[in-house]
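Below you'll find the structure I mean.
By letter and in written order, the chains are A, B, C and D; residue numbering begins at 1 in each of them.
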Amino acid sequence: MGHTAAVAGASGYAGGELLRILIDHPEIEIGALTAGGNAGTRLGGHHPHLFPLADRELLATTAENLAGHDVVFLALPHGQSAAIAEELGDAALIVDCGADFRFADPAAWEGHYGSPHAGTWPYGLPELPGARAALAATRRVAVPGCYVTAATLGLLPAFAEELVEPDVVVVAASGTSGAGKAPKQHLTGSEVMGSASVYGVGGAHRHTPEIAQNLSGLAGAPVTVSFTPVLVPMARGILATCTARLRPGADGDRVRAAYERRLSAEPFARLLPEGQWPTTAMTLGANTAAIQVTVDAAAGRLVAVAAIDNLTKGTAGGAVQSANLALGLPETTGLPQAGVAP
Amino acid sequence: MGHTAAVAGASGYAGGELLRILIDHPEIEIGALTAGGNAGTRLGGHHPHLFPLADRELLATTAENLAGHDVVFLALPHGQSAAIAEELGDAALIVDCGADFRFADPAAWEGHYGSPHAGTWPYGLPELPGARAALAATRRVAVPGCYVTAATLGLLPAFAEELVEPDVVVVAASGTSGAGKAPKQHLTGSEVMGSASVYGVGGAHRHTPEIAQNLSGLAGAPVTVSFTPVLVPMARGILATCTARLRPGADGDRVRAAYERRLSAEPFARLLPEGQWPTTAMTLGANTAAIQVTVDAAAGRLVAVAAIDNLTKGTAGGAVQSANLALGLPETTGLPQAGVAP
Amino acid sequence: MGHTAAVAGASGYAGGELLRILIDHPEIEIGALTAGGNAGTRLGGHHPHLFPLADRELLATTAENLAGHDVVFLALPHGQSAAIAEELGDAALIVDCGADFRFADPAAWEGHYGSPHAGTWPYGLPELPGARAALAATRRVAVPGCYVTAATLGLLPAFAEELVEPDVVVVAASGTSGAGKAPKQHLTGSEVMGSASVYGVGGAHRHTPEIAQNLSGLAGAPVTVSFTPVLVPMARGILATCTARLRPGADGDRVRAAYERRLSAEPFARLLPEGQWPTTAMTLGANTAAIQVTVDAAAGRLVAVAAIDNLTKGTAGGAVQSANLALGLPETTGLPQAGVAP
Amino acid sequence: MGHTAAVAGASGYAGGELLRILIDHPEIEIGALTAGGNAGTRLGGHHPHLFPLADRELLATTAENLAGHDVVFLALPHGQSAAIAEELGDAALIVDCGADFRFADPAAWEGHYGSPHAGTWPYGLPELPGARAALAATRRVAVPGCYVTAATLGLLPAFAEELVEPDVVVVAASGTSGAGKAPKQHLTGSEVMGSASVYGVGGAHRHTPEIAQNLSGLAGAPVTVSFTPVLVPMARGILATCTARLRPGADGDRVRAAYERRLSAEPFARLLPEGQWPTTAMTLGANTAAIQVTVDAAAGRLVAVAAIDNLTKGTAGGAVQSANLALGLPETTGLPQAGVAP
């Protein structure tokens, strides 16, 4: 227990998942838990599944309450992290699950989020080239968006090895927890169960420019992204189907070899054996991305599919993975390697 | 009750949905019900929701048992329709929910179904140009595949009005009933609930060449189709996300106008008001396709989404719609216009 | 189309289900649709599954807007029906889906609902002894609660024929739509999917005294009811497991005979064949209660199970069934006899 | 890693859950994995969520393959454990997840299972009075049935402190994984989703006599049990609603005090704070039973509700909890204390 951690936004889904992971983390001790409107209540009323922490009181989300920890995880609404981070200064490692510091291009941020750009922090996707070194040297981490993690990992080898054209279509099925915990009419059980729906179609979803940023970085050139999120009747999980036209000479063997080469050493981005396709169930509660790829010769396309748990690898698990690197711990420390199924 | 109808394959899901519709059809009286292995049992053991027919006995699926009706609906495993149809001859209108007679190109059939091509029947998608006239004059109907219905209707205006390039990506979420009633390991409730998965990736799904056939027909030129089906935790429904690059000059106004022009008179293919996107729930149990379209200017793409109930508009409802036309009845006779929600 | 009907509360789940049924009702024409906070909007934004009515505007729920119809269906929050009814007077048949007028005993009402008792109307459960005659002669109907319908029909023969002791345990699984359309934290899809939960335990649920009222009426003596509702991950459906100790001499044969005698003539309360047990799926969208009963000799108990669709037989279908009787129409007019499955 | 463990029946759901737990168990190393028909295949094809074990080969379930481990977990079909256990002898601790050795009364076994009674082993429910001592001294453990665990823990304080009459009604909602992994028609996703159903009604379910055995042991006198299992649309979880008439003098305060007294020291049977009711979601993936109790004064009944994950506390977690005791380890070693939600 070399380190202490505070969690801001502990009553939300991302906060709860951070705590679920940290409960079993051998090198991090859970410190202050804070919330906004839920400050003053007990955690057990919000996350009854976290029995060992049921009696913990939620403090107000202030720099004062968060100070004095080695790590501060921020699971706050977009736009609230910058002020807290500034107040906290450099004493703590700050890992932000929000979008505020993910973008290198202020225009990409402002076009989709509408508020002034707060800055750019090292990006918490260790599987990206160069990311581990950057994360090992930082006191600030911007955790990627959940859809972004799935789409980026699914296409990483394809772009890193120049196998596809820079015009990508991503359609990603998602569970409802990605939309957060606040009750909304279209997210009630009655509306969600037995129904699939789309939202943010036509480039409107905020994760679109973030996917484009990552794939463009891998390609070394601008990549166009058509992204459609699909809400399906499950609480957790993202299944991203990603396709792009093959470049000349990119056939099935080269594609397979590239995916094996780029993923075989990854602890959490797992290329499945040929013939086995990802399901979100195989990643539920685990920090794993399950990936498969094939070539559609008739259509001249590479099709890659990546499944993650949006709350684990897609948010809280990814946050802890990056925190491990920034704290100098083994990257896999305390992270669930096996999912919960069926 | 001017007509009598027999249903072959009555104990399966397509057969059950045919009966659900026919129970309320004012011009068709339900005659013989037949089955394969379930012959000799009562319908109530297979479709307990069809209370008015619970005591009806299932006969063996033979031409003798099916003969003497004005209409014969075939809901049989692929490859079994040709022999029955030949025996029945021209006395009855035959509406085949199987794939056997959907393909104009024998090679497209044989590449995906493996058996000799049985022939080509008029295609039961009345919304296609020219289809209503052909259906009004036929004694044979080949009902489209469920994914095919969704994808074709979603892109019909785009190709009919030359708005997009002939390189299409379709990713379609589907409920489990499309896979039929036979129990299989990966279709058990334990495996399906809480999980999204893909199958038939990379052009392997049998509906791929059928989508290509329809879109190529609309375009008047070959269209390449990348199709990925996604299994999601619901019993019914298909939500097809369809995208293609816009041709020069095709902007949002032209796209909207084309969709309105092509769909406004359709009784069952409904373009939603701008801003409202399809959900499968709004089509559950109805013969409706709910369609919406937008332009992603940044990606240079048209994105169309179509939702249907795979068993209703996608199979049995589409079959009755075509049968109405072939029988000279108003096209909408007996077909559910409203869905069951929530 | 001999009659016109207005629906107050049309944007809620009960209102939507009333409209789904009335769209296909051959003797009732849909007139004014009214709402509270949603007045001024189009129905298509609230019930997109009701395509034929999508463009209908919601008026304010006032007596003025509801007047001039032969039937007025009230699907309002508890406590709002009395004022409207008084203003409407006797010109229209009023069918109230709320609880206001269900109770004969003001104390039973006030103990669970807290407001002054508004009165007692004929009770809209035609299957109860004497109910059809009362409904045929009334201009006012109080539609039963959804759990109450299931529990009462499940135990009706047992109490009508004096087979069980007056101490009943009912545990009923329910879908989420029974809780209404307003979004609440514990009813979001994320919380509901993959989870079963209880609420209103220990007699706290408002349907408890209503079940007791019905069973006591059947028994001719007070019946004690222990009722526990269980929320399960589905949108529609109630499955009520009902048990009471057998009275001396009540064995399996007598129980079976009593259930057959009491239910065989009922169009909507169907005793299943021996060995087949109710599922909510077999009643989804239908006005059917599916019932089965057995004797547990070792425990000395009768166990009856009743399944209904809470929105159909449990609310809107039951309302139309009673309205048919009050209007002098055949009881089954316009009511769905078959469910939608799978 | 002081101990090695073999798992027989590793490709089934109980076997998979045992492995999920053992992967993180600090004192048990996973040894041989065996299967029946799946012998010779890799674990990854059956449990893709167990990434760290994906390449492990399944051996045949023989005493030879299971020998040489400190613990052998048997997750076999009922009736197969006795032969294996005899061959293995006393060298290993044997923990049987099957029903074979749960019954003290051969008649209770034979009445529900039909084969000769194999014997009686110490019962693996540590929360029962005296169980911990027996488990600490045994080389054989019979793990309770999943419904039995929920019902017994829910009523343990009530019977241990003589608060209720010996006539119990238990209605328990369950997910589908309790029915095992073999595909069956009524367990397909299409049939299960959107539907609640009953089975084994009227005392027919095999867990009935096992519940009676436990409660009778607590009461010191025969207890009559009416048990109805309800299948609901979720993969995991049991929510047992348990009720019995209060004995004279047993009021709310005495009930609350008894539950607190009996459960406050239990690591895995947790009495929730007053006003909070169990959900299965709060136990998903955890070895926790969540329990609440109230008094229904009007009905004269105690109502207790217990939620568990049928695969964790209900099977595999309970097995490891007992194994810990039998191995002399702290009872909570390696067992998940927090669930996975939402």
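Some notes on this structure:
Assume contacts are C-beta pairs under 8 Å (C-beta built on N, C-alpha and C of every residue); 3 or more make two chains touch, one makes a residue touch a chain.
Bear in mind that the values here come from a model prediction, so they are computed numbers and not experimental data.
Legend: contact pairs of C-D compared by residue number with A-B, A-D or B-C; the interface matching in over half of them is A-B. Taking the mean of the C-alpha atoms as each chain's centre, chain A and chain D sit 35 Å apart. Centroids of chain B and chain D (each the mean of its C-alpha atoms) stand 45 Å apart.
Among the residues of chain A, those in touch with two or more other chains are 13, 177, 190-191, 193-194, 233-236, 279, 281, 284, 341-342. Chain contacts here are complete: no pair of chains fails to touch.
By the touch criterion given at the top, residues 13, 16, 19-20, 23-24, 44-45, 47-53, 177, 193-194, 235-236, 270, 272-273, 276, 279, 281-286, 288, 290, 337-342 of chain C touch chain B in their complex.
Chain B contributes residues 13, 175-177, 179, 181, 183-185, 187-194, 233-235 to its touches with chain D in the complex. The part of chain A that touches chain B in the complex is made up of residues 167, 169, 171, 173, 190-191, 193-199, 201-203, 208, 224-226, 228, 230, 232-237, 239, 241, 243, 245, 277-281, 284, 292, 294-301, 303, 305, 307, 341-342.
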